[in-house]
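Note that chain A is present in both complexes that follow, paired respectively with chain B and with chain C.
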Partner chain A sequence: MNEMQFLTWVRGQGLDLAVSIFLLGVLWRLLEIYGLGRKKDLTAPRHTPGASGWHTVFRRSLPAEGMLKKSPVTYIAGYTFHIGLGGVVFLFAPHIKLIQSLTGLHWPGLPSQFVDLIAIVTIAAMVVVLVDRISKPVKRFLSTFEDWFTWLVTFLPLLTGWLAVRHLLLPYTSMLAVHILSVEILLIVLPFTKLFHAFTVFGSRWYNGTVNGHKGVVV
Partner chain B sequence: MHGPLIETLARQGVTRRTFMKYCATLASMMALPPAAGRAMAEAMAAAPSASKRPSVIWLPFQECTGCTESITRSHSPTLEGLIFDVISLDYQETLMAAAGHQAEEALHAAMKANEGKYLLIVDGSIPLALDGAYSCIGGKSNLETLKEVAKGAAAIVAMGSCAAYGGLPRANPNPTGAVSVADVIKDKPIINIPGCPPIPVVMTGVLAHFLTFGSLPELDKLGRPKAFYGETIHDRCYRRPFYDQGKFAKTFDDEGARNGWCLFELGCKGPITHNACATVKWNGGTSWPVESGHGCLGCSEPDFWDGGGFYKALSMPANPLKMAAGAAVAGLAAGAAVSIVNRGKKSSARAAHETTTLADLEK
Partner chain C sequence: MSASLEKGVRVLKEMIDAPIASYFNSCVHCGLCAEACLFYTETGDPKYTPIHKLEPMRRLYEQEYTLLGRLKKMVGLSKAVTDSELGQWQELVYNSCTLCGRCSAVCPVGNDITYMVRKFREGMSASGHAPVGIKGAVNRTVNIGSPMGVKLPAVKAQMKHVEEDYGIPIPMDQVGAEYMVMLSSMEIINFPEYLAAIAKIMKQAGKTWTLCSTAFEATNAGMQIGNSDLAKVIVTRIVDGAEKLKVKTVISPECGHAYTALRWEGANLIGRPFSFKVQHIIEVLGEFQEKGLLKTEGFETDRLTFHDPCQLARRGGVLQPQRNLMNMVAKNFVEMPDAGYMNWCCGGGGGASAIEEGEELRTEAFKRKKFQLEAVKPDRLVTACANCRIVLEEGLEHYQMDIPVIGLTELIAEHIPDLAKSEGA
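Up next, the complex of A and B:
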């Protein structure tokens, strides 16, 4: 298989396979999670200001009091890499073109140099997050294989995409193919690992907020 | 500087100065040091008289003659054609006057007289299916001819994408079993000059290099001269700033197309195509595909016919996603099935629930 055939495969059958597993996994898990249901709480609801599902969705996006000072890397690098990842994935013109061809949805992109800058900052933030996880004994103790693995499958598309655009390490055609392949691995892994929080994060916050709000507890 | 070539050129009204400029341009195009231009000029000018010029044999196989057309179009009045004054093109079916047995004789005479020294140019792929019956010349299959002629060649130039990679004949499903020259010949230096067709100056540049230095220029891993195929179309494209700004033509006749914006979204394969079109251009520097408003097809890359369509952006799926809809349905079905099982578990747990009384605890 030469590099052109490799690229055509990842753009064709490989993409088909990855998107299929992704859709299968995401729909299965979403339906399963939301299909579980919960017992109806028959107690009379208490009303406390700021205690509701929606409040929790927004509140948990902000660091809890004092936590930013205690754990600045987690918050700052965490935010930087999440927002940066969103920017790189959804505001780079070739990515928008892919989404448009798959879903019909499209929006204006950012100039590629700007996306390049975001990519560098995001890569740096992800490295910082990893170093923090390694260097802090508690975080290291709490980390499982899944944590390291999901970091890697998130990092690789970012790194290979940036290397491809910058023509580093491998010829562009090969690096582009490796980049698409790494995204496909991410798509396949996402529904079955903690990366599924991309879909469940706000739902679970809302759920926790609602359950606790019923009891009058602000979380 | 004197020599048969200079005299011939003078008779054709081409000055020595023009010739020197041409050689300097060729050298700079090939990224050679400035002195190489002079060396090239001297080597070519000093080329021996007609009877002793280096012999070149050009074999056409499964091809469309587009490569030959491309080269011949550059002959006159441009200077590219002058290169042919320093070589002896002993066999080229399209250009030679001889035909039939005479042509075959010319081929064999050239092979015998220049054993081990001639340069072999091949255009077209070599069909292997049905014992090569898809393309024969003088009763011999292309495979036989190639093996026979390649034996005595100093080097082989695979001209055009068909000879270099199999090209169009090799496109899926490849009914003739077409292969490239390098797939057949393993023991000779081979230089690939892909393109559909290749740029004339690339060919003349390589020939000039061979004549001047007696060796092939530096090649990339696909056997292409780095001087011409070292960079991608995209990186040298004059429309590149629009790509970087995120300005794309969405159709061939919209505002963006009229403004000359980037053709990436219309399927341009410039980012993965290594060739010199963007710098050398075509038809004596008149224009090139992207300048004329059409995206690059990627013709100098292997398997460009099977690259997922000329009008699909590189970031778009090469083929429609066939399994995705089925997978989505399967996912929903699996989710629903698991949910039903879960609900069943819950209700059976509820049904099996026994109320614990004080009496039970005191038992």
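Up next, the complex of A and C:
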């Protein structure tokens, strides 16, 4: 298989396969998790303004009182890498074109120099997050193979995409193919690892907000 | 697999619901919950990271409720939960967790870790891995009627003392009273002022109230140990008493976990909604204050601060009434850093104070409270939980800090004008 054939495969069959596994995986996992249900709360509720599942879904995006100071790297590098990743994935013109070809949906992108800058900052933030995981005793203690592995499968699409745009390391066609392949790996891995928090984070915040909101506690 | 482990695993499997599944899937191992836990902050030992305290439960969840986990189990790639592992986890699930809820308040993905620890304890208890200290408290509550072994004659003796000292009759088993007042054994044995305070406050407010001879103890060690069946037995006693006496409201005493057990678990434990209201005494006092039924005179002039019991504030949603009440009787009321919603636990809630072998760790964790207190240097410390009060007193004594601890209800009662005099006037 030459590089053109490789690119054709990752853009065609490879992508179809990855997207199918991703979609079915997400659906399966959501059913597997939320299908467990929960018991009805029979205690009398107390109503307090601001205490509900929906409030918590949004409110938890901000650090709790005093926590930013306690763990600034986690928050600042965490925000930077999540927002940066979102920016690079959804605001880079070629990505929007791809999404348009798949779904018909489209929106304006950012100038490519700007996306390039976001990519560099995001890559840097991800390296910081990794160093933090290695150096902080609690994070290192909690980390399993999955933590290192998911970091890598998130990092690779970012790095290879940036290298492809910059025409670095490998010929453009090859690097683009490697980039698409790395995204496909990410898509396949996402539903079955901690990366699935991209979906369950909303459910978890909602449950916490609802269960505590029933007691009139603003969480 | 031993029979007890099998039972524990079965109970634990029943505990796992959609919120728990969602929480386990959301955890990204960021470790922020450690920063919220006083057992980690004061020891620096990563094993006290709250989410780690649930590791056996997480594995069981994965092995039983996820496709990938089941596949891994089939081909022998996963490690089964064992008796010795649960034995090791006892320290993490009980001694070093007071169910204070700070971790649940800070988790960025929204995991209610406390909710999970509470459920994990059901499996720990069923498999025989609960600490001896709490087991004893549960047995005494179920068999004798109170965790400290207090029986009705002790309550009656207490009633007699209060009646003699204050000249106010203490009603018992009065059908149709508005309020049924519950006590904690701690109050019966160590803090008799509480009952006297209630009598004065109720008299001034003109409310009818009663004690119940078959249900005077409010604390629920069954909930603390994580045994819903026993917790239900204890709650049922109170429900039966309240329904027999046809009261409108049952008042939970100054005890955080008693409040959670009765107010937020009670109806779920017995499987039907209550026919009466449940309020913590501080909520009742807050209502009396708002309605003008609580009239005090004079002010404390020394420097006072307030320790929020976790179950009343962070886990119970009562944050303002205690502050309004403090300001009603104190001129110099100061707040500790992190007071209110994010207040730090005394270190002995959730049954932890009943665990003898956890004492050293509790003392270490108390450094957090020491730090909070040193920031405001109060003359006295006020709280609204008899268990917090005992744990605070022990900690203060250990660190040789001369700060008396008092209950808010009795502080308020001290400022109620002498009723005999005011009636005579």
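In this text, the second predicted complex is superposed on the first by the 218 of 219 C-alpha atoms of A that agree within 3 Å, B and C clash if a C-alpha of one lies under 4 Å from a C-alpha of the other, contacts with A are read in each partner's own complex, and residues count from 1 in each chain.
Methods note: a contact is a pair of C-beta atoms (placed from the backbone, for glycine too) under 8 Å apart; a residue touches a chain by one contact, two chains touch by 3 or more.
Just so you know, these numbers come straight off a predicted model, no measurement behind them.
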item: Overlay on chain A: chain C relative to chain B, clash or fit; value: fit
item: Computed vertex angle (chain A) for partners chain B and chain C, CA, steps of 10°; value: 170
item: Greater chain A contact set [chain C / chain B]; value: C
item: Contacts of A:Leu7 with chain B and chain C, given as first, second, both or neither; value: first
item: Contacts of A:His82 with chain B and chain C, given as first, second, both or neither; value: neither
item: Which of chain B and chain C A:Asp16 touches, first, second, both or neither; value: first
item: Which superposed partner A:Asn208 touches (first chain B, second chain C, both, neither); value: second
item: First (chain B), second (chain C), both or neither touched by A:Gly35; value: both
item: Chain B versus chain C as contact partner of A:Leu142, first or second or both or neither; value: second
item: Distance in angstrom between the closest Cα atoms of chain C and chain B, superposition on A; value: 7
item: Intersection of the chain A residues that touch chain B with those that touch chain C; value: 28-29, 32, 35-37
item: Footprint of chain A on chain C - complex, ascending; value: 16-23, 25-32, 34-36, 40, 44, 46-47, 49, 51-52, 65-68, 104-112, 115, 263-268, 271-274, 277-278, 314-317, 338, 341-342
item: Residue ranges of chain B in contact with chain A within the complex; value: 232, 235, 243-246, 248, 264-265, 271-272, 301-304, 306-308, 312-319, 321-324, 326-328, 330-332, 334-336, 338-339, 342-343
item: Residue ranges of chain A in contact with chain C within the complex; value: 28-29, 32-39, 41-44, 46, 48, 51, 56-57, 60-61, 63-67, 70-71, 74, 78, 136-144, 147, 192, 194, 196-197, 200-201, 203-209, 211-212, 215-219
item: Of chain A, residues touching chain B in the complex; value: 2, 4-5, 7-8, 11-13, 15-17, 19-21, 23-32, 35-37, 93-95, 97-98, 101-102, 108-113, 167, 172-173, 176
